[in-house]
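Here's a structure for you.
Here the chain labels run A, B, C, D, E and F in written order, and each chain numbers its own residues starting at 1.
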Amino acid sequence: MYEMGVVYRNIQRVDRAIALRLGAFGAATIHEAMGRTGLMQPCMRPIYPGARVSGTAVTVLLHPGDNWMLHVAAEQIQEGDVVVAALTSECSDGYFGDLLATSFKARGALGLVIEAGVRDVAVLSEMRFPVWSKAISAKGTVKATLGSVNIPVVCAGALVTPGDVVVADDDGVVVVPASWAQKTLDGASAREAAEGAKRAQLASGVLGLDMYNMREPLRKAGLKYIE
Amino acid sequence: MYEMGVVYRNIQRVDRAIALRLGAFGAATIHEAMGRTGLMQPCMRPIYPGARVSGTAVTVLLHPGDNWMLHVAAEQIQEGDVVVAALTSECSDGYFGDLLATSFKARGALGLVIEAGVRDVAVLSEMRFPVWSKAISAKGTVKATLGSVNIPVVCAGALVTPGDVVVADDDGVVVVPASWAQKTLDGASAREAAEGAKRAQLASGVLGLDMYNMREPLRKAGLKYIE
Amino acid sequence: MYEMGVVYRNIQRVDRAIALRLGAFGAATIHEAMGRTGLMQPCMRPIYPGARVSGTAVTVLLHPGDNWMLHVAAEQIQEGDVVVAALTSECSDGYFGDLLATSFKARGALGLVIEAGVRDVAVLSEMRFPVWSKAISAKGTVKATLGSVNIPVVCAGALVTPGDVVVADDDGVVVVPASWAQKTLDGASAREAAEGAKRAQLASGVLGLDMYNMREPLRKAGLKYIE
Amino acid sequence: MYEMGVVYRNIQRVDRAIALRLGAFGAATIHEAMGRTGLMQPCMRPIYPGARVSGTAVTVLLHPGDNWMLHVAAEQIQEGDVVVAALTSECSDGYFGDLLATSFKARGALGLVIEAGVRDVAVLSEMRFPVWSKAISAKGTVKATLGSVNIPVVCAGALVTPGDVVVADDDGVVVVPASWAQKTLDGASAREAAEGAKRAQLASGVLGLDMYNMREPLRKAGLKYIE
Amino acid sequence: MYEMGVVYRNIQRVDRAIALRLGAFGAATIHEAMGRTGLMQPCMRPIYPGARVSGTAVTVLLHPGDNWMLHVAAEQIQEGDVVVAALTSECSDGYFGDLLATSFKARGALGLVIEAGVRDVAVLSEMRFPVWSKAISAKGTVKATLGSVNIPVVCAGALVTPGDVVVADDDGVVVVPASWAQKTLDGASAREAAEGAKRAQLASGVLGLDMYNMREPLRKAGLKYIE
Amino acid sequence: MYEMGVVYRNIQRVDRAIALRLGAFGAATIHEAMGRTGLMQPCMRPIYPGARVSGTAVTVLLHPGDNWMLHVAAEQIQEGDVVVAALTSECSDGYFGDLLATSFKARGALGLVIEAGVRDVAVLSEMRFPVWSKAISAKGTVKATLGSVNIPVVCAGALVTPGDVVVADDDGVVVVPASWAQKTLDGASAREAAEGAKRAQLASGVLGLDMYNMREPLRKAGLKYIE
């Protein structure tokens, strides 16, 4: 159901300040604040430990073994964007390396999320250009077939609409649709506010069983303790 | 980005006659007529050879190990529907067996597409109730957590909006959005009309190289024949 | 934690009549009657559709690429046994073919469950000697290293103690420990008795929502219907 | 290390009669007669049960998502050939369907072995055109990038030189280099001659332990029987 | 074959000093000292390089997408324990994060081994709370269904009885049953004592061929050197 | 098609200086300079970040679960070699650890590439002995069956002839045949010379679209920009 061979120039980006504030919470908290939804599959891994990003999505649809549209996407990048690259079928080739990273960075991109492979990962890591990918592979690609830029895409199981917020860290990649951004921010703030007190209690030896009042529901569910 | 705990009762289904006509072409032709798009991932396999279906999508979102919402979905089925079940994370459990198939069939469902496992496959095969799934597993599920029915879902990499046409056969599962149905039908008809003549030529020994005029582009691309 | 290089000659087999009666219910029903437990992983698939077996386990532990102990196991087979072969690490080689099947059958074996590969599957299918395996592979094995026979083994995620009942069909493989056999039989009988009436109701169009009284718990959980 | 963009027109095929005689033994026996070598990986599965082929290899190297070179390969097919298609990186797309099968058959091809996906499998099965592949997928491909025809390729882990014999059945795919053909034939004949007597013995209840004189080596290796 | 809905309060732990001494040898040496057995599958990977643990097992059985029983398990932890979490079917969800880690640590747990996913890995790594898991995923879980605590479980292919010693490092996870602990310690000590001298010899250029006297057995097996 | 039980003592190694110069370019550049060929599959990963090697291949063929031939291979190592170990079927066992690494290093080996598992990775990393493998596993192996040393092998999808150059880094492993070494060196030099200027342009904000003159071919292919 993808429209092929098109580039949408004007997309509605979530406000950058909101994207940054969402990013501060990290992928797990944002995912919880969204009602446990919005995550990409866990095959999407950062190329170096500690990679973190939050920004607005510029999307691109690629064909197996063909990275032509990444060059087309580069022109559509604005300061604060994260490029999200989906594929029409599974491929582990190395679509992206240090030259494209240099270009993306110069255009203002904060990172890349790609449901395929990347290469030059030693250089990308030194550049601290964060990438989440399914594979690392030196395998090069051709430039022969049109995909699209800035259409809604499914990337690693998640629907990404151009302009959505993408939050990624060591725990994975989560997508926040524009219309969910503010309430997700509120939910994440509330969640995090509560966590500090919980952590202190748990650190002091209080059990989740008591803190979350689980003993009664467990008993009702039939849990039996055997001496 | 899924709305949780909701059931949309009124969905706009593609006209049933169109769904049937799309189905007559099979998944591969429909996929080509859509510009080579719309397919689910090839991990989605029919439980018996020769399974075929085309109908309108009733969608359901399930949690790992929990098939509660399939019962909720049953009530929303109308004659000619195909249930499409997506998951919030990967699971191979047997969400669906002969009792649910009996219920779905009684409500008018023509088949099931589920990004998880199914069981009682011997009985389902005898019933000729076609199912496409990622796994076959006797593992049972619980009924404890709300998902949703008739929201847009991502199933095996494809976005499915309730009411879309689903065409599935031995080659896989393809989704035709409502707005694409007519032009896809036209494209598939044109494509198939051309195939008969091509098949006859190829059967007589004519080469695709000549029939598709590939020799010149191959030469230009640099192909060398070595005696 | 495996004892290596030993063969236990005397094992306590579940009564054969009980094994047969358990088998009549099929893997899914037995698994449910055991409290949804006892299953091997769904990677264990029958080599032909419609394969079914129930019998008492003779276990064997094999090393990667080495089928020596299957010959040792053959001698321990009694009428009504199913051989269950576990591995010390993952291997897809073809450990078992038509010669071993001829021998196993002559000794009274009803089938094989092996967490590895098998070969000669066309002949095994003609012989109707049922096998559940992770792979089909022509790759041969050596006979060089000792494993064990009739020790407790972990096969495809399930603990199998010699003499346990193994029930397998198109839905997978389930293991019933000796001490669970009678209550599992009772539970499966009760479960199946209830299924006939349920099937009839569902076939008449009654919904699981009503038959299982799910509407109230769904409402309490917060399910919302949207017109 | 692949030479790209070339088609070798003249290849040295193993004598067709030898190819047929090798095929009569099946993949497992041929593999054993070659000293347990020559097999492709077990991910290569036939599209229908009972598929069998033996013929001489016409090889083709393909890029991900691009089946252009299959059309180039068609012209190089001679009566009795089996096309062996390797890929430069992993891809599950449907490279081959009923039109190409019609063409290949008209040119004399007996079957296809492809380290990727195929489609139209219902039609291919009806045509009894045997195919071994890694995947079944309706996903179409482009025709944009040159690979090669009749160069040595690595397909599913096996080196295939044009003209080699390919023997495939339900157990998998084995490749016999031209220089190994005669001795493999001799070895397979000897092996099969011995199997009849062995099968009869095993069927009568004689154990492999005795027939193969394994008791002494097992004892020396330290095997202990426990009553 | 799992008993569901039970918590065994009193388990027999291997002496803590022995657990520590076993841990000093590392997973590979302990596995060898046990006769090359006791390992979990290699899909179990530490969340940070250099993670090491040895302790006594508190076991927990979880359902897909449900981490309720981890809270129940927390109460059963004693100083020096390692929690081992098995699943009733495959799931990659993030069952465990920094709050549970805080609680487990406060109760005296030294680490976690879980056949599923974990999250908050950046924080867990900073805390130096070692975890071995199959996946890293931000995906949250529910608290709805009873499993069990301190029953024998199969985790990543290994049987773990409560109180067993668990030794884990960069090479993987090995389980030492209580009854094997002392002899494994002796075997590991002997093995390590011999390794120092071997390492020195090999470092000086002596070949394993000579040090292990392999030349004669290789010659007997038929090895041929070709100039 | 592997010759079994043989060791070729005299192999033709590519000149060491050339191997070192090739290594300076890294796997991705070398692969591109070879016309995008010669790579092993991306499942081959270094055991520590930043691992790099280039050297001449000593090859070894191993059976599943058996590392005997690695000891035979050790004797054939010369200063500047990289050992490349292929398997007759898939296996993740830990074939190689710190003792063998000590021996290999003492003989002059620069690293190991193995289509299986390795162990003692913490020690290997401290030794800075680089290894590329498919798995990390503490699982030990036996020494029972002959493979071969210095025959051409297929390792992770790539054909490796003894004496070829192996270049490996964080992006993967590439094999340069002796006859391709000089032209690959020339191609890589030319490629790298051009990259500096390109990088500077891209860093200044010039787009690949303009630098590579892609706008016209994209327009011809039908790309449409939508405001």
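Note that in this section contacts are C-beta pairs under 8 Å (C-beta built on N, C-alpha and C of every residue); 3 or more make two chains touch, one makes a residue touch a chain.
All of these numbers come straight from a predicted model, not from anything done at the bench.
The set of chains touching chain A and also touching chain D is given as B, F. More than half of the contact pairs of A-E, counted by residue number, reappear in one of A-D, A-B or A-F; that pair is A-F. One finds 41 Å separating the Cα centroids of chain B and chain F.
In terms of their C-alpha centroids, the spacing between chain B and chain C amounts to 31 Å. Among all residues of chain F, those that touch two or more other chains are 36, 39, 88-90, 92, 137, 139, 145. Every pair of chains that touch is listed here: A-B, A-D, A-E, A-F, B-C, B-D, B-E, C-D, C-E, C-F, D-F, E-F. Against chain B, the residues of chain A that register as touching in their complex are 1-2, 4, 34-39, 41, 88-90, 152, 154, 157-159, 175-177, 180.
On chain E, the positions that touch chain B within their shared complex are 63-66, 88-93, 137, 139, 142, 144-145. Those residues of chain B lying in contact with chain D across their complex are 27-28, 31-32, 36, 39, 42, 45, 49-50, 169-172, 174, 195, 198-199, 202-205, 207-209, 212, 214, 218, 221-227.
Note for the complex: chain E touches chain A at residues 5-10, 48, 68, 71-72, 74-75, 92, 94, 97-100, 102-103, 105-107, 117, 119-122, 125, 135-140, 143, 145-146.
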